[in-house]
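Structures given as structure tokens follow.
There are two complexes below, and they share chain A, which is joined by chain B in the first and by chain C in the second.
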Partner chain A sequence: MNKNRIIKLIPVFTVLAGFIVGGIIIAATGSNPFTAFWNLIQGCGLAPKASYAGKKGMITDLLSFIDLWTPMILASLSVAVAMRVGLFNIGVSGQMLFSGFIATVVVGYSGLDAFIAKPLVIVVGIVAGAFAGGIIGFLKFKFNINEVVSSIMLNYTFSYVISFFINTFLVDPVSRQSKAVSAASRLTLKDVELGAYKMDIPLGIVIAVIAVIVIWIFFNKTVSGMELKAVGLSNSAARYAGMSVNGNIMKAMMIAGALAGLAGVTYYLGYFGSIQPRVLPATGFDSIAVALLGNNQPIGIVFASFLITVLSKGSTYMNSASGVQAEIANVITGIILLFCACNAFIKWYIANRDTTTKKGFKRKSKKADKDGGAIAEADDKKGEV
Partner chain B sequence: MNSIIIDGLVFALPLFIMAMGGIFSERSGVTNLALEGLQGFGAFTGAFAAVMIGTVSPDMSPTAIMLLALVFAVVGGVLFSLIHALLCIKLNADMVISGVVINILSMAFTEFLTKLINAGIFNMPSNKFVLTVTDKITVPGISKIPILGAVFTNLYIFEIIIAVIAVVAWFLLYKTKYGMHLRASGDNPHALDAAGINVAKTRLFAVMISGAFSGFAGMCFAYSISSSFSSTIYVGYGYIAIAALIFGNWNILPTFGACLIFGFARSGGYKLVQALEMPSSYQDLVMILPYVLTLVLLIFFSKRNRAPRALGVIYDKGAR
Partner chain C sequence: MSDYIVEMRNITKRFPGIVANDNVSIQIKKGEIYALLGENGAGKSTLMSMLFGMYEPDEGEIYIRGEKTQIESPNHATKLNIGMVHQHFKLVSNYTIAENIIMGMEPMKKALGFIPMVDIKKANKEIAELSKRYGLEVNPEDVIEDVNVSIRQRVEILKMLYREAEILIFDEPTAILTPQEIQFLLDIIRGLRDSGKTIIIITHKLDEIKQIADRCAILNRGRLIDVLDVKTTDTKTMANMMVGREVNFKTDKKDPVFGEEVLKVDNITVKNKDGLPVVKNVSFSVRAGEVLAIAGVSGNGQIEIADAITGILNVDSGKIYLNGNDITDKTVRQRIDAGIDYIPEDRNAVGMVMDFTLAENLALKSYYNEPFSIRGILNRPAFDSYGNKLIEKYDIRSSQGNPTIVRTMSGGNQQKAIIGREIEHESTFMIFVQPTRGLDIGAIENIHRQIIEERDKGQAILLISLELDEVMNLADTIAVIYSGEIQTIADAKNLTLDQVGQFMMGVGSDE
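Moving on to the complex of A and B:
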């Protein structure tokens, strides 16, 4: 097989490796890994379960799965956009929480009509998210603060401050979460009866599909998208070519924030309908896995997010059906991530396997490799915080 | 006032040792965002060892168990740090990505294993290891001095160990041959290589030190903050340690100062909530103090600071 084709298949091997290791762990704990993985698929409504509760069916599970898949796609796009300029947006969780909270307070508790409330939720999500993402971009170019550190700090700050507001003003004494938002403002139509089944209709998936298309066009067909890439690959080269590095960092982080904001509203005002204090959404962290796995490309992200959502959504049913701990899903995600981190090495190894044999030459030849972007990226990281 | 100093030190010292580990790693040229995951995994192995030892020999004193737990935490931290070393030194992975991946992996693994072990070995469905409360030491005499005496009151044993390690680490980094090699490896690895020193080995050892120190710190946090190990150990202390070392300009003494500020800000905030008799939900507002302070300090100090020149750059023999 030719080398380029093998390189394209790396994500598939990465995923397989993750599942094999996960499967071995499941087998070691005394369960059947194949049953467990089948349960994952069943739990997401992609295969029929043995039995269903009243008025529930495969379609119910499937729509619920799509409802959770939506924020995952959006959050991962957010990571990908930031990665485009070489920034690691680990603050997706915080941006999701922030925009979800703002939208909840501004629209969720207002008595607005559905036709005004739903679009307004989306707009508020975008604006709040862009603001939260913009802070990180601003801190980066103005004060040269490492975006990973600043976004983690913001994550916890958002988490605690919002927890304070929820616990002090908005708490529902029964659920210990924020009071549920109005049905009119929710991006998921709850308990719709169609035929024999009751289901939740996820409206957010439309936004996610549009976002995927828009970002694909933005990355591949616009000057602006190429500029982001240029800045990401080499700050200095982009600057000499007359591009504004600061402007592009700011732009990327605001777009990333806006996408995270959309993820936040589809998560908190779509899938859940309330906010749990002191908890950062796991979607925000899983999205890093998705973006790495999807190679930061919109199409790749669609597939990768599908897979990671199957893991996280299906694990609950897997736990109840075959007793395998739900946390194994995170372990598999983590292992996939670990292999992803080695991607640069694997790519380089495959590309150079035949051409050089002596150790001394191997390293040098990497420079000439077309995947040399990693090196340029590392060069730019030099000297920052 | 005394309690602010006592609680502040209990938080600041583990943070300091972790930041020190970070300094070793970053001065050698390996960006280490994995501190968070390393401290978590260290705390996990240490707490597991403590619970196991407690079950096997129930007569052992809590202090002895704690010391053993700290040893195991160090071992766990070192083992987990080898992954980071492998990825960053051998496999040429992006160091930032590697660090974040290790944090996620550590969180997933420890959460999974804790539940598994509790269900499998101890037969109870719990997601944490409960640790025994240990005695604290008050140095007689000195502790009577007003204000300053508080430093010597109600000490955990690990605080004394950290003080000793800190001195040794300072000496190692600034006064020994190895320390010089390490710093050279972060500033000019090619020169080090030309002098006949193995850059990869130097960096490997530095990353292992950061693993050891982080594991130790994680165990201290597990004892002092909740007397248990659970996934709540991952609340960003690793990242605060990184902020502290950036603020300290990658030098040990200023970093110590930064850690003290974080520690006292935190304990002072808690005291304030108590003193003003505010409802418990206001504690959430205090909790943000270390994080906000980190950001504010970084804003003032990031520009002025100078990172090791080869930080985050994969060592490439052929590069000019």
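Moving on to the complex of A and C:
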């Protein structure tokens, strides 16, 4: 098989390796790994299972899974966009929380009709997210403050300030969360009865699909996308070619923020319907891993986010059905990411092994010269474009 | 038993899309200076990388001291007493000179009788002695990032000597040095030969070969053309063999026809990051059809002048006019569109986005205009057809043409691409900074011809070069810069090489 094809298949091997090691661990704890994995899939409504309590079954779980998958896709796209200009947006969680909160206050409690409220939620999510991301971009180019530092600090700022408002003015005394938003403003239609089943219809997935397509087109087909990539790859060359480096940093952070904002509204006004104070959404952090696994490519992110969401969503059912600790899912995620981080080595190894065997030398050479790595790197980039 | 210390027999090495070495055989005697001469991409560095264990040959055999050897790694090569100074130094910049040299074979001592520790005092002493013995004076306790390239190169040489290398490979050692430093280095290399070392030097500078080498192997496109005795061969013959055709050292040019003033730089001052002025009250103007060359030793503010004219750096005071319009406060893009072309000094970090394709880089200054993009949407077919046109016209060689990632191309072809792109871009004024740096004779000749062609078409040209020969060869008017100030501006006919040299050292103005 050709070298480039093998390199493209690395993520698949990475995932398989994660499941194999995870399976061994499950077997070591005395459970059947195959049953456990089957339960994992069943828990997400991707495999048949018996209907349970009050008109709920496979289709119910599937839609619930999609509802949780949606913010993951959007959040991961946010990380990927920032990564393209060379910025590490670790603040997706804070941006999600901020836009979710603003949309909750502005629209969620407003009593507007559904056909005004729902689009308005989306618009507010985009604007609030772009604002939150824009702060990071602004601090970066105006004062050269490292985006990792500023976004982590903003995460805390958003989390505590919003908690204060929720606990002081908006708390639901029973759930200890913010008061539930109106059904009209929610991006998930709750408890819809169709035939024999009751289900939640996730409208957000439409936004996610559109976002994936738009971002793909943006990077591959537009002048702005090309400039953004150029700035990320070489600051000085971009400046030389007359591109505005600061403008592009700002643009990328605002787009990243807007995507995080969409993730926020599909999460807080879709899946949940309320905000838990003093908790940053885990989705925001998992999305960094997803973007890594998906190689910062929109299509890769669709698959990677699917996988990571299966692991997190299905683990509860796996626990109740076969008694395997839900944390095993995290172990598998961790191992996948570990292998994923070894990507560069695996690529180098394949590229290198390929050249040595072609020459007819049986012995594997240990030379760690940079040229082999450079070739692998170049091949990798070729795959990306 | 063989008389040769190194023998490479019938070596062939292929890379995807290219044969880097095609059945090359060379034999090197102990104690000689052996030069490898060839254009960029002729396969010199590849051949030596195989001797140093960085690659393995696809075919062929290597004999070291008469024994057939398969060199597996640079470490293995070091064990065989082979050392190499790479074109790009491999030093840890925040370590001291001594730490860099001993790395991997540190002299050890036992603190309190049992805790193993690096004996840095002993290392410093050993290195001081070693550097004195070979005339390579360095202070072992200096940190690499505080010393200049010439010292860094000495450190690389000492690194080889510390490892008791007998066979020393130098890859383009003079490319980054000033004329005085080059002389010093050549003396060192001669001294090393006299103390019994065998030297292999990769270069394309003929006069250096003539000065120090005993024998010289000429490579052209991966094939060995000939091995010559340097004493009995003149440089002209070597050059012709290397390029594969007749070479003109002197660029033919007509008398200049000057037109209107195109660029006017009026009393500009540019400050660096630390707020110190690096360009001080500089004024000059360039007319259509004129090559104005700024000569000077590296780091005297030339690059900053170019960056200020193109808008990459802001001027602190003064004005810049293009065709009579004040462009001092315009953005880089506005200046590009107003007709400024710029071939920057650093083609890797500045001139191109190395991980973009060739086609994208060729359109790097026009992608935002039709037909490359229409209302913000890229039109890929336009990139490809434009790419094909330039690849053909400027003979840009790469493994796959348009989709080639520029990083994988050779330096000479990268430069061809940049120059082609800038010439094709519509303009009235061009800046060339070190346009032939690191290139071989064939490519240099070609670029010089292109510069003169552009001049004759009526372009105003600013040439900034550290190579005095290049300045003397091309310029109609010469300005000499020293410490950020213009020392003199004069008609090229009225200045001799020596005079320019004196102005460059800041002493000419006394006359």
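Criterion: the second predicted complex is superposed on the first by the 351 of 385 C-alpha atoms of A that agree within 3 Å, B and C clash if a C-alpha of one lies under 4 Å from a C-alpha of the other, contacts with A are read in each partner's own complex, and residues count from 1 in each chain.
As a working rule, a contact is a pair of C-beta atoms (placed from the backbone, for glycine too) under 8 Å apart; a residue touches a chain by one contact, two chains touch by 3 or more.
For clarity, every value in this text was computed on a predicted model and none was experimentally measured.
K.L.:
Quick check for you: in the superposed arrangement, does A:Ala230 touch first (chain B), second (chain C), both or neither?
P.N.:
After superposition on chain A, A:Ala230 lies in contact with chain C alone.
K.L.:
More chain A residues touched by chain B or by chain C?
P.N.:
B
K.L.:
What is the contact status of A:Ile299 with respect to chain B (first) and chain C (second): first, second, both, or neither?
P.N.:
neither
K.L.:
One more residue to check, A:Ile116. First (chain B), second (chain C), both or neither?
P.N.:
Once the two structures are laid over each other on A, A:Ile116 reaches no partner at all.
K.L.:
Where does A:Val279 make contact in the superposed view: on chain B (first), on chain C (second), on both, or on neither?
P.N.:
neither
K.L.:
Based on the superposed arrangement, let me know which partner A:Cys340 touches: chain B (first), chain C (second), both, or neither?
P.N.:
A:Cys340: touches chain B, not chain C.
K.L.:
First (chain B), second (chain C), both or neither: which does A:Leu194 touch?
P.N.:
neither
K.L.:
Report for A:Lys221: first if it touches chain B alone, second if chain C alone, otherwise both or neither.
P.N.:
second
K.L.:
Applying the document's definition of touch, where does A:Gly242 land relative to chain B and chain C: first, second, both, or neither?
P.N.:
A:Gly242: touches chain C, not chain B.
K.L.:
Same chain A residues contacting chain B and chain C, which ones?
P.N.:
363, 366-367, 374-375, 378, 381-382, 385
K.L.:
Quick check on the complex: what are the chain A residues that touch chain B?
P.N.:
29, 88, 90, 139, 143-146, 148-150, 152-157, 160-161, 163-164, 167-168, 277-278, 285, 288-289, 292, 325, 327-328, 330-331, 333-335, 337-338, 340-342, 344-345, 348, 360, 363-364, 366-367, 374-375, 377-379, 381-385
K.L.:
Would you mind writing out the residues of chain A in touch with chain C in their complex?
P.N.:
220-224, 226, 229-230, 233-234, 236-244, 356, 359, 361, 363, 365-367, 369, 371, 374-375, 378, 381-382, 385
K.L.:
Using the touch definition up top, name the residues of chain B that touch chain A in the complex.
P.N.:
31, 33, 83, 87, 91-102, 104-105, 107-109, 111-112, 115-116, 120, 235-236, 239, 242-243, 246, 279, 281-282, 284-285, 287-288, 291-292, 294-295, 298-299, 302-303, 305, 307, 309-314, 316-319
K.L.:
Show which residues of chain C lie in contact with chain A when the two form their complex.
P.N.:
16, 49, 53-58, 72-74, 310, 312, 331-333, 335-336, 342, 344, 346, 349-357, 360, 364-365, 367-368, 373, 376-378, 403, 405, 407-408
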